Amino acid sequence: MKFTKPQTLAQIADIIKATYVGDDSFPVLGMNEIHVVEPGDIVFVDHPKYYEKALESAATVVLINKEVDCPNGKALLVSDDPFRDFNKLTDHFSPFVAARAVIADSAEIGLHTIIQPNVFIGNNVKIGAGCVIHANVAIYDNTVIEDNVTIHSGSVLGADAFYYKNRPDHFDKLKSGGNVVIHDHVDIGALCTIDSGVTASTTIGEGTKLDNQVHIGHDTIIGKRCLIASQVGIAGCVVIEDLVTIWGQVGVTSGITIGARAVISAQSGVSKSLEGGKSYFGTPADEFRKKYKEIASIRLIPDIIEKLDKLHE
Amino acid sequence: MKFTKPQTLAQIADIIKATYVGDDSFPVLGMNEIHVVEPGDIVFVDHPKYYEKALESAATVVLINKEVDCPNGKALLVSDDPFRDFNKLTDHFSPFVAARAVIADSAEIGLHTIIQPNVFIGNNVKIGAGCVIHANVAIYDNTVIEDNVTIHSGSVLGADAFYYKNRPDHFDKLKSGGNVVIHDHVDIGALCTIDSGVTASTTIGEGTKLDNQVHIGHDTIIGKRCLIASQVGIAGCVVIEDLVTIWGQVGVTSGITIGARAVISAQSGVSKSLEGGKSYFGTPADEFRKKYKEIASIRLIPDIIEKLDKLHE
Amino acid sequence: MKFTKPQTLAQIADIIKATYVGDDSFPVLGMNEIHVVEPGDIVFVDHPKYYEKALESAATVVLINKEVDCPNGKALLVSDDPFRDFNKLTDHFSPFVAARAVIADSAEIGLHTIIQPNVFIGNNVKIGAGCVIHANVAIYDNTVIEDNVTIHSGSVLGADAFYYKNRPDHFDKLKSGGNVVIHDHVDIGALCTIDSGVTASTTIGEGTKLDNQVHIGHDTIIGKRCLIASQVGIAGCVVIEDLVTIWGQVGVTSGITIGARAVISAQSGVSKSLEGGKSYFGTPADEFRKKYKEIASIRLIPDIIEKLDKLHE
C-alpha cells in the first residue's frame, strides 16, 4: 500500500507515538508486509528471530520493538508493540468507512457494464467496461476490476484477511488495508470469496476462470489463463503461475508457489511448492505417477501377507 | 427452547390433541431435543429403542407413542405421532413469520454497530455494540449477537437444521425453533453458514475466529478462542472445546467432541471424538505421529516386495 | 432448449451466416448439446473425432466445420467455427437481458409463497405455491421452481455453466441458454449453487433435500428423495438416481451416474459411475468393504516388515 502522498518519518512517528532513528524529513511512501515490501515502505517486526530479515528487506523504514543498529540509508520506528502500531497506521491511511449508499458515489463504473440488483459496491471501487456483476455480489472498498469481467451472484471481493496474532488472552487481527485486483476477461463463479490483501493486492490474472464456491486468501496472486474448479480453497500469500489447472475441492496451503501449466487433480491437498508442467494428486499432493504407484502398491498388501505366510510354513 | 410463559400439561395436550398422564396443571416450561433437555421440558420419542433414554432424561414431560408407566414426578403426552406433534408445538411457540421489513422493527442493535447495505435482519434479533455486519449478510429470527462481532459479506446465521425423519414416502423435516448465539469478539468470514439449533442454540464462543465458507451445523457448540480456517464443515450437535485449531477443508461428523487445544490438519475427516491437546490428521483423522508413520510405511511396500522376491528365489 | 416457435434451416443459417445442406424450409425446433439432443434439435461439432457421434445422434441438424455427407432426413449447417456460431444462436434465442427490477415483472409466483427481503428473481421465472424463498437468494432467468420448495438464504440458482473451449490464446465460454428446474418438496440449504444447464435443464427431483454450501454443476440431474449433506460438490452432466445419500464434502466428477439407493461416505471422491444399492467411500471412491480392508491392511505393514526382518536373520 502506497500512501496517497509521501509522508515523513516525523509525521509517521507522531501518528503512532513512537520514537525514531533517522531524519525528521526521511521520506516514507507506503507500508507493506514483509513478503511484499518495496523501497520507501514501512515494514514491522516484533520478534528477534525476524529482526535481520526485516532490517535487510527492501523496506526503508523498520517498525521494531528494540532500538537496534539502523542499516545505512534506512530509518527505524521504535515501539513497544509494532503489530498494534502497524494496525494504527492502517486505520489512519486506509480506514474502514461505513457505506452511505448501496453503490458508493465514489465508485467508477465503465461503459456497457451491467450491475444487477442488490449488488453492494464500496468506496473507491473501479469497475471497467463490458463487465456483468450479477445480483447480490459484494465488492468491498478499493477493489479494482478491469474490463470484460463476469462475477456471478453472491460472490464477495475484498473481505478481511484471516490473519491474527496470538496474544496471551485473545487473537489480535492484522487489519486489512490492501485490496483485490481482477484483470481483464476474468470470470468468477457464484459464491466465491476473494479476500483483500493485508497491505498489497490479492490478484486474479487476465483470462483466468473460477467456478463456484472458490476461496482465494489474502495476497494470493493467480496468473493468467488458469482454470479453477468448484470448491477449491487457496490460502493466503500463494503464487499460482500462468495456465495452471486446479480441479474441484483442492486445498492449497499458504505461502507456496504452483508452477506454470501444473495440473492438480480433484480433492488434492497441496502442502508444498510444486514445479510447473506436471500433474499432481493426493494429500499431500505428489506427482501423479508416484501417487498412482502408491495406491497400486496398497492393493498388493494382501498378496504380500499370503506370500509371507507361505514362507513361515 | 423455553416458552415465554409457563404452560400446563392440559394446555399443551390441547394444542396437539393428545391424551396425557399427569395433572391438568402440571407445569411445562419448554421443549427440547433429547441431548439438550432440562427439567420442565417436553422431549419426544417415537421408537421403543429410545423409550428408556427419554423417560430417564432430565425432561419432565415425555411426548411418546405408547402409554407406558409414567416415572415419578413426570408426565406423559401420548400421541400416535410424536415427531409430527413436536413440530406442531414448534409451529405454535416459535412460528416462522414472514419479514415485513429488510431489518425487522423488533431488532435491537447496539451502539456504534455498523450495518452495511442489503443486510437482512429477522424478527427478535439482538445485536450488541461495536459490531460490523457487512453487506448481504442474512440473520434469521431470534439470533443473538453479542458485542464487537464482525460478520463478513454473505454469511447466513440461523437457517434451518438439516434434520429429517425418513417417512415411508418422504423426508419429514424436524422444524427449527432454536437459534444462533454469537458471543463477544467473534469474527465470522464471508459466506459462512451457521444453522439454527433445533430447539436450543448453535453457539460460537468468545473470541473465536472463522475464516470464509465455514459451515457450522445445528446445535453445535464451539468454545472460546478457536481458529477455524476456510471451507471447514462441522456437522450438527458437535462440541468443540476452547482453543481448538482446525485448518482448511476439514470435515467433522455429527455428535462428537473435540477436546481443548486439539489441532486438526487441513482436509482431515474427523469421525470420532478426539482428546484435547494433540495434533491430528487424515481421513479418518488420527494422531499426527501415527498417521505419519502409516504414510511412511506405504512408501516401503515396493522395498518389501523386492525383499520377498529375493527370498522366493 | 426448444425455440418458442419452430424455425427453418434458412432462418437459422441467416442468423449465423452459414451455408447449409438441406431444404430452406427444413424445420428446426431447438438446439442442444450432444448429450441431451432430441429430434428437431441443432447440435454442434467441431472436431473430426466427434463427427460420427454428432451425425448419428438424435439431432436433426448438425452445425459442423466440414461439408460432410448429410445423413438421410437430416440437414447440415456448415461453419468455420461451430462453437462460436452455437453461442450466436444462444445469444439470439435466449439472450441475457439485464434486470429492470429486483423481482422481474415477468416472474410468476404461486399462492402462499413467501419471498423474503433482498431476493433477486430474474426474467421469466416460475415459482409454485407454498414455497419459502429466504433472504438474499438469487434466481436467474428462466428458472422453474415447483410447489412447496424451501430455499435458504444466499443460494444461487441458474448461474452460468463452467464450460470453456481452450482457444490458442484464451478460454472461450460456451454460453448458457438452459435453466434450472426444482421439483416439488425440495429443500435447498443456505449458500448452495445450482448452475444453469447449457441448453437443457439442471434438475433437482421431487422431495430431495440439500444441506448448506452444496454445488450442483450444469445439466446435472438429481433424482427423487436424495439426501445431500453440506459442502458436497457435484460436477456437470452427472446423473444421481433416486434415494441416493451423499454425506458431507463428497466430490463427484462430471458425466457419471450414481445408481439408486447408493450411499457415499463423507469426503469421498467419486471418479467413475457407481452401481446403486451399495455403500462407498474413499478417493477414488470404492465399495465400503473393499476400502475398509485396504485401510486395515496399511496398518499391518509394520508387522510385515518385522516378519521379513526375522526371515532375513
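By letter and in written order, the chains are A, B and C; residue numbering begins at 1 in each of them.
Following the convention adopted for this analysis, contacts are C-beta pairs under 8 Å (C-beta built on N, C-alpha and C of every residue); 3 or more make two chains touch, one makes a residue touch a chain.
These figures come from a predicted structure and were not determined experimentally.
S.K.: If each chain is a dot and touching chains are joined, what shape do you get: line, ring, star, complete or other?
M.R.: complete
S.K.: Please state whether the interface between chain A and chain B is built from the same residues or different ones, using more than half shared residue numbers as the mark of same.
M.R.: Interface between chain A and chain B is built from largely different residues.
S.K.: Fit chain B onto chain C over the CA trace and report the rotation angle, somewhere between 0 and 180 degrees, nearest 5.
M.R.: The superposition gives an angle of 120 degrees.
S.K.: Counting only Cα atoms for the centres, state how far chain A is from chain B in Å.
M.R.: Taking the mean C-alpha position of each chain, the two centres sit 32 Å apart.
S.K.: Two-or-more-chain contact residues of chain B, please, as numbers and ranges.
M.R.: As it turns out, chain B has residues touching two or more other chains at 118, 136, 154, 191, 213, 231, 249, 267, 298, 301, 304, 308, 311.
S.K.: Spell out the part of chain B that touches chain C in their complex, as residue ranges.
M.R.: My answer: residues 96, 98-99, 101-102, 118, 120, 122, 136, 138, 140, 154, 156, 159-160, 162, 164, 170-171, 173, 191, 193, 195, 213, 215, 217, 231, 233, 235, 249, 251, 253, 267, 269, 271, 283, 293-294, 297-298, 300-301, 304, 307-308, 311.
S.K.: For chain A, which residues are in contact with chain C within the complex?
M.R.: Answer in residue numbers: 114, 116-118, 132, 134-136, 150, 152-154, 185, 187, 189-191, 207, 209, 211-213, 225, 227, 229-231, 248-249, 266-267, 298-299, 301-302, 304-305, 308, 311-312.
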